[in-house]
Structures are given as C-alpha cells and as structure tokens.
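Notes to accompany the following structure.
Just so it is clear, A, B and C label the chains in written order, and each chain counts residues from 1 on its own.
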Amino acid sequence: MNFIEARKLVHEYIRRDEDDNVESILTALDEVDLDVRQGEFVAVLGHNGSGKSTLAKHLNVLLAPSGGTLWVDGKDAEDADNLWEIRQNTGMVFQNPDNQIIASVVEEDVAFGPENIGVPTSEIWKRVERSLKSVGMIQYREHSPNRLSGGQKQRVAIAGVMAMEPKCIVLDEPTAMLDPNGRTEVLDAVEELNRKKGVTVILITHYMEEVVRADRVYVMDNGKVVMQGTPRAVFSQVDTLKSYRLDVPQITLLAHELQKAGLKVPQGILTRQELVEALCQLY
Amino acid sequence: MSIILDKVNYVYSEKTAYEIHALRDINLKIEDGEFIGVIGHTGSGKSTLIQHLNGLIKASSGGIYYNGQDIYDSDYDKKELRGKVGLVFQYPEHQLFETTVFADVCFGPKNRGLSRKESELRAYTALRSVGLPEDYWYRSPFELSGGQKRRAAIAGVLAMDPEVLILDEPTAGLDPKGRDEILDQVAKLHKERHITVILVSHSMEDVAKYVKRLIVMNRGSVLYDGTPKEVFAHYQELEEVGLAAPQVTYLMHELRMRGIPANGTATTLEEAKQSILQAFSS
Amino acid sequence: MLRDITIGQYYPSNSIIHKLDPRTKLMLTLVYILSLFIFQNVAGFAVVTVGLVLIILLSKVPIGYMVKGLKAIVIILVITAVFNLFLTPGETLVVFWKLRITKEGLKNACFMTVRLIYLILGSSVLTLTTTPNQLTDGLEKSLKPLNKIRVPVHEIAMMMSIALRFIPILIEETDKIMKAQLARGADFESGNLVKKAKSMVPLLVPLFISAFRRANDLALAMEARCYHGGAGRTKMKPLKYKSADGVAYLVMAGYFAAVILVRRFF
C-alpha cells in the first residue's frame, strides 16, 4: 500500500444562512485521487483557490472529507482513533512563518511537538538538537524567533515538525512569503531531508522553479487533479499549463518558444544546463 | 517634475545598541514619467528608501526635493506630498477596513478633503484602472480573492490621483496569472496616464521585462543605477551581494562560452529567443 | 519612555539568582514584598536594605540598569511623598502658610517612598533574572493546586506565553498599518476626542482582522503539532528544585524571621 492513498476525495465548504439553510456550496476538492509512495518527493501545483491547500489540510486530518476515502500510512483518516498517529506521522508546515512558531525561544519551539506527544525530557533534547542540525539552524537554538529572517523562521518550523519524527512532511506554500534567498534556503533544507533521511515530502506551491526538484507533480485546477507525471512530462505541456493559470520556468518557456520557431529542441527542458547542452548539439 | 535625493542618510534607533545605518549618502534624481525598478535583498534599505519619498520617514541627514521644493521645509504640506506620491505597501490588502470595496477606495480622496462626489468619481476611475470587475465594488473587501483584494488596495492608493506610484513587491504571494495581471495593469497605467512608477521587486525576470531604469540597493547604498541591460551585465557582482540576473542572461553567457554567438546582453525571454534564432540562422 | 521601564525585561547573565528555580524566585519576591510592609522602624529598614542589596549583588545586574527603571515611577513617588508629608496628623514640626509638616508625616513619607522604591527594585530583580517563559512555567507549576477547583492553569499559562510571543509582532504590525493609512492621507493626530477616536477605525479594524487571522493560523499549527491541552504533556525544560533552591528557602526563612523579630523587639 502507498503511504498516502486518496480515492475520490471530496471536500465541500457549505455556507449556511441564519436559519441553517444551505446558502451556497463550494466544492474545494472534487473526487481527487492521490498516491504517494514512502520516500517520494511530490509537488502539488495550482493557482490560488485551486484546492491545493484544502488537500494539504486533509493529509494532516485538520479537515474531514465530505466524501471519498483517505488512507495515510495504512490508516483510515476517518477513524478518530487514528487522528493523533496520523498527525504525528505527517507533519505540516504552513505559509506564514510567524503564525506557526509558538514559543519565544527557537529550541523551545522545536520542542513543542515532542512535548505534546509525551516524549521523555532527555529524548526531547536529543530530538531538538538533531532536527535543528538537519535544517542548519543549531547555532540559533537560544535566539528569539522575532529576530530571524523569513527563511530561517521557516526552517525552524520545519525543525519543529521533524522533531516529531514524522514519516512525511506536508508543506503548504512554505515559500510564498519569502524572498528568493529564503526560498532557496527552505527548499534546500526540504530536499536534503528527502534525499538523506528518506522523509516523504509533499510540497504545495505555485512557484514553477520549485517543482523541478520533485519526483512527481500533480496539477490541480478547480478542485480536480488535471495533470500528473514527472516535472519533465508536465512542463512539456506549456499551453495546457497556461490554461490552468499556471506558468512554466523561464528556461522551459524559452525552449518551448524556440521549438515553436522551428529549432529541434527536445520537449520538457527543465534547467539551463539542459538547454545549453541541447543547443550546443544542434549548433 | 522630479524627485531629488541629496546625500540622504537614515539611521534606525540612533545612539542605542540596535543602531542600524539603513541608508548611506543616497543621491538620486527621479524624473517625471520614469518606470524604475528597485532591487536588493531583504535589509538592503529599499523599503526604507521608498518610505522617504513620501515623507513617512524623515532622513537623519540630507535633503529631499519634490518638484524643486524641500519637503523638510517647516511650511511644506506633508499630507499633500503623500497624495502626490502614492505608496502601495507590501500586502496592501491588510489595510482594507471599510464595509465595501468602494467605500474603502474613497478613503484616500476623502482624506485629501475632496467632496463626496469628487471622491466617488476618483474611486470609479481608480477601480476601473486596476481592472476590478464592477460586481465586486459593493461587496465587503473580505469576500474577495487574494488577487482581487490586492487590486482593490492598489485602487485605494490610485484614487489619491498620485503623480508618482510606488509599489513595494505588489505581486508577493500571488500566483503567476495574478502576478502578470497586476504588473500589466501597472505598465498600462504608466503608459496611459504617464504616472511615474517605482517598482520594488525580488523578481529579476519581472524587472527585466517591465522597467526602463534599475536601481540596485546594497547595505544602504546605491550599488548600480542604469538600464536593466547595463545592470545585469554585472551579473557576477550581483551574485556576490546575494542577487542574480534573469535566468536567460546566464543562459546567453553560457552559450557564448560554448562558442554560440548569442547576445550576452539579453535580459528578457523575447530578446534571448531572437538572438538564439539569429545565431542559428546565420 | 517605554524603553526606560526595566520591569518585564530580561537581563541575561549566569548568576546564582538567574539559576534559581522560578518558583523559588516567585516565593522570594512574595516574601520580600510582605517584609516591605512589615518593617516599621529604622532597624527593620536596615534588615530589608541588607536583603535587597545582597540580592542585587548576587544577581549581577548592574545597579545603574535597575535604577533606570525607577524613572518611570518618579511622579508616583513624588505624589506619595507629598501626600504623606502634609496629610499625616501628629506632632507639628514646621508650618508653611497653611501646610503643616508633622513628625509622623515625615516618617511616613520617608518609609512609603522607600517602600515603593524597594518594591520596584525587588520585583524587577525577578523579571530581570527570569525569562518570560520560565516565569509562566513557574506560575503554572506553583498554581497547579488551583486545578482542583477547576482553574485552567495550563491554559492560562499557555495563553500568557503566546501573548508574550505575539506582542512584538502585533506592535510591528500596528506600525505597518499606521504607515499604510498615513500614505492614504489618514490623520491620527488632529481634531477633538471624537474625531480622534473615529480616526482609529482604519487602524483598529485591520489590526483586529490580522490578530484573528493569526490566532486562527496558530490554532491550526498547534493542532497539526498534536497539541491537545496539558494532559500527557512532557517538558523539555521541566522545573526541578536544586540544592541552591533549598539554601534560598532557608535564607528566606531566616530573613523573614529577622524582619518580624526586629519589628517586635526594637
């Protein structure tokens, strides 16, 4: 069984008026199928309002599905007995770095998760140290989060999740509020956790450049999964992506334009090096 | 019409342990009708700089002249200046407070002492020029989507009828389509209403595409000031201060190193495409 | 002005006082404050002074830094002194026009001023040597018995520590919104009281919305990290009494006994 298996997952936001009559129904997830294997790096791409954040919240059981089934790590997410185990096994990092740091000292914040799940004190210290090291923030352990940069705060948030020793982390637009340097910092940390520690990563984003690092990409639009595949396969369909209000990395777009102009550049170029090599071979 | 900054310095928390020299000897001349980009990493002083231009922050030393008038003169009307130099902060939708979008956009013109009719007229024009569809005008701003809220907030500043429009990262947090829509609207405003635009951005691709003059801030000083082409020619130096050139600029340099005669000064996708096609056809 | 208030600011150092358990320090402060209102004569004053000076020296916080904290209460001190000086009935010493200074008034004025100064200095030792987090931890544990009468002690402590974390963020946010509205021509200063109150709307509405959004985000983030109240929670830094705390309690008992004895026999 896959680590995450969603079948026809539906989520409806129902708005009611004062008399409890249904005023409107917004289908944020519309029969979504999602499969993620243990150790995979999966990106979920979609414009604002495509339903990708709603999907993320389901994986951590912060929302309950209106229909369909969701299994996380072999456990049915609808069974209330599995709630805490799933939350512990799929950690979650949110968009706004300020609004997810609870304590006034970095190391105490990282300890918050382990404290909640009743990890003994000596073990907490070990975990805090390990997770802060794994995101390169150990030298800030006694700092106040208020004086850190956005990228550093977000890495503290990741450490806070890692200290619960989850099998999977779900990152809901973790870089949307960061500058380019902060963005790279955070993504490098995430990629390292995936490659070195085998943590399953689900990255929700609308930045195309970030998706290139993933093993597989899901594209969402209007609550549905509309495309999926390797980044190369997805980015080779430039025009389809544009119809979903999305973009492709500038280099991919250039390759696509050159191709349209008659140059025999291969489909789905992702990086500068690839385009340089392709053009040199043609020249 | 112009804004002149003469040896502007600004020091935060002067004479305390937290003293930060945020701006050092800034000399700039901003002419009427320019489209300027300001780049620099977080903490380079760019936000401090733009808040000087409408008098929200007063320089520790040096002078600022708007249309030849010293804005630090005791009888200079600061409120008037804030109307003429419109500043759109980062995440401007966080300042919306009225019950309807329309009422919120009227806030600025009303503060300038305009009549109700005149204020509403301004609000109409402003909401039109940001391209917010009319069905949203009389809704609560909090019912709008992220991109729509952002436009409503920009309209709130435009309704002051500014001569200069400064936008601090107007596309932060928006998706690609939302980003393009906002920037295209701004470019259109610049073209049609001849407003001077100053765009603070983290995206090299965006500034390369839209602006005609690029100012690079680093550690409180102006590092480079020129056309995007001139500035991005220094791509190696930019990297040393934590910035970068657009991806295509790097590509062109790498192609040249491999013996393909690509144009090394290309900064936009269109230029790169033309130059590569030319290299291949000759 | 705000910068002058040293109460509530932490002064990092590794003195003996810093290392004491926050519960011990809370108790010490309580006993010390009690003693301030027990002493009534010069001998008692001497005992209290010795106690205070000893604690300040042990805490390694510079005296100048602590005295700066008194600036904020100078006005209160003067008012207290003046009231006591002129309004205490008793044996007349001097008469200025209609104002009479009595022997008792002089004594009361001196003692009240000293009491207030000592109160501020003493309690600032507590906040200067204890981080806000230790303080809330200490309060949580000291007040734990109240749990039995259904006081949600853990929740109160958690709220306090979250408030401490978000106060600086909200202050920064206020500044940002204020600037954004100033840029739209808002005026927060001129006009009468009603107009001023009305001008706060564009500041307060966005601030409240932002605070609610943050609270909502934070609740979600806490839930995602398995927070479910105080039950079954462990601590990274559990409070544990050490031998130094025992010594501190002994010294405290001695000090308190001395204060009471001096009051009775001198």
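We take it that contacts are C-beta pairs under 8 Å (C-beta built on N, C-alpha and C of every residue); 3 or more make two chains touch, one makes a residue touch a chain.
These figures come from a predicted structure and were not determined experimentally.
In summary, the chains found to touch both chain B and chain C are A.
Each chain's centre was taken as the mean of its CA atoms, and the one lying most distant from chain B is C. Annotation: 44 Å between the Cα-based centres of chain A and chain C.
With centres set at the average Cα position, the gap from chain A to chain B is 30 Å.
In the complex of the two chains, the chain B residues touching chain C come out as 16, 51, 54, 56, 79, 82-83, 86-87, 89, 92, 94-97, 107-108, 111-112, 142, 156-157, 160. Residues 57, 60, 62, 84, 87-88, 91-92, 94, 96, 98-105, 107-108, 111-121, 124-125, 128, 145-146, 160-161, 164 of chain A are the ones touching chain C in the complex.
Contacts from chain B toward chain A in the complex involve residues 41-42, 145-147, 172-178, 202-203, 205, 242, 244, 246-248, 250-251, 254-255, 258-260, 269, 272-273, 276-277, 279-280. Listed in rising order, the residues of chain C touching chain A in the complex are 131-133, 161-162, 164-165, 168-169, 213-214, 217-218, 220-228, 232-238. Those residues of chain A that touch chain B in the shared complex are 47-49, 149-150, 176-177, 179-182, 206, 208, 245-247, 249-251, 253-254, 257-258, 261, 263, 272, 275-276, 279-280, 282-283.
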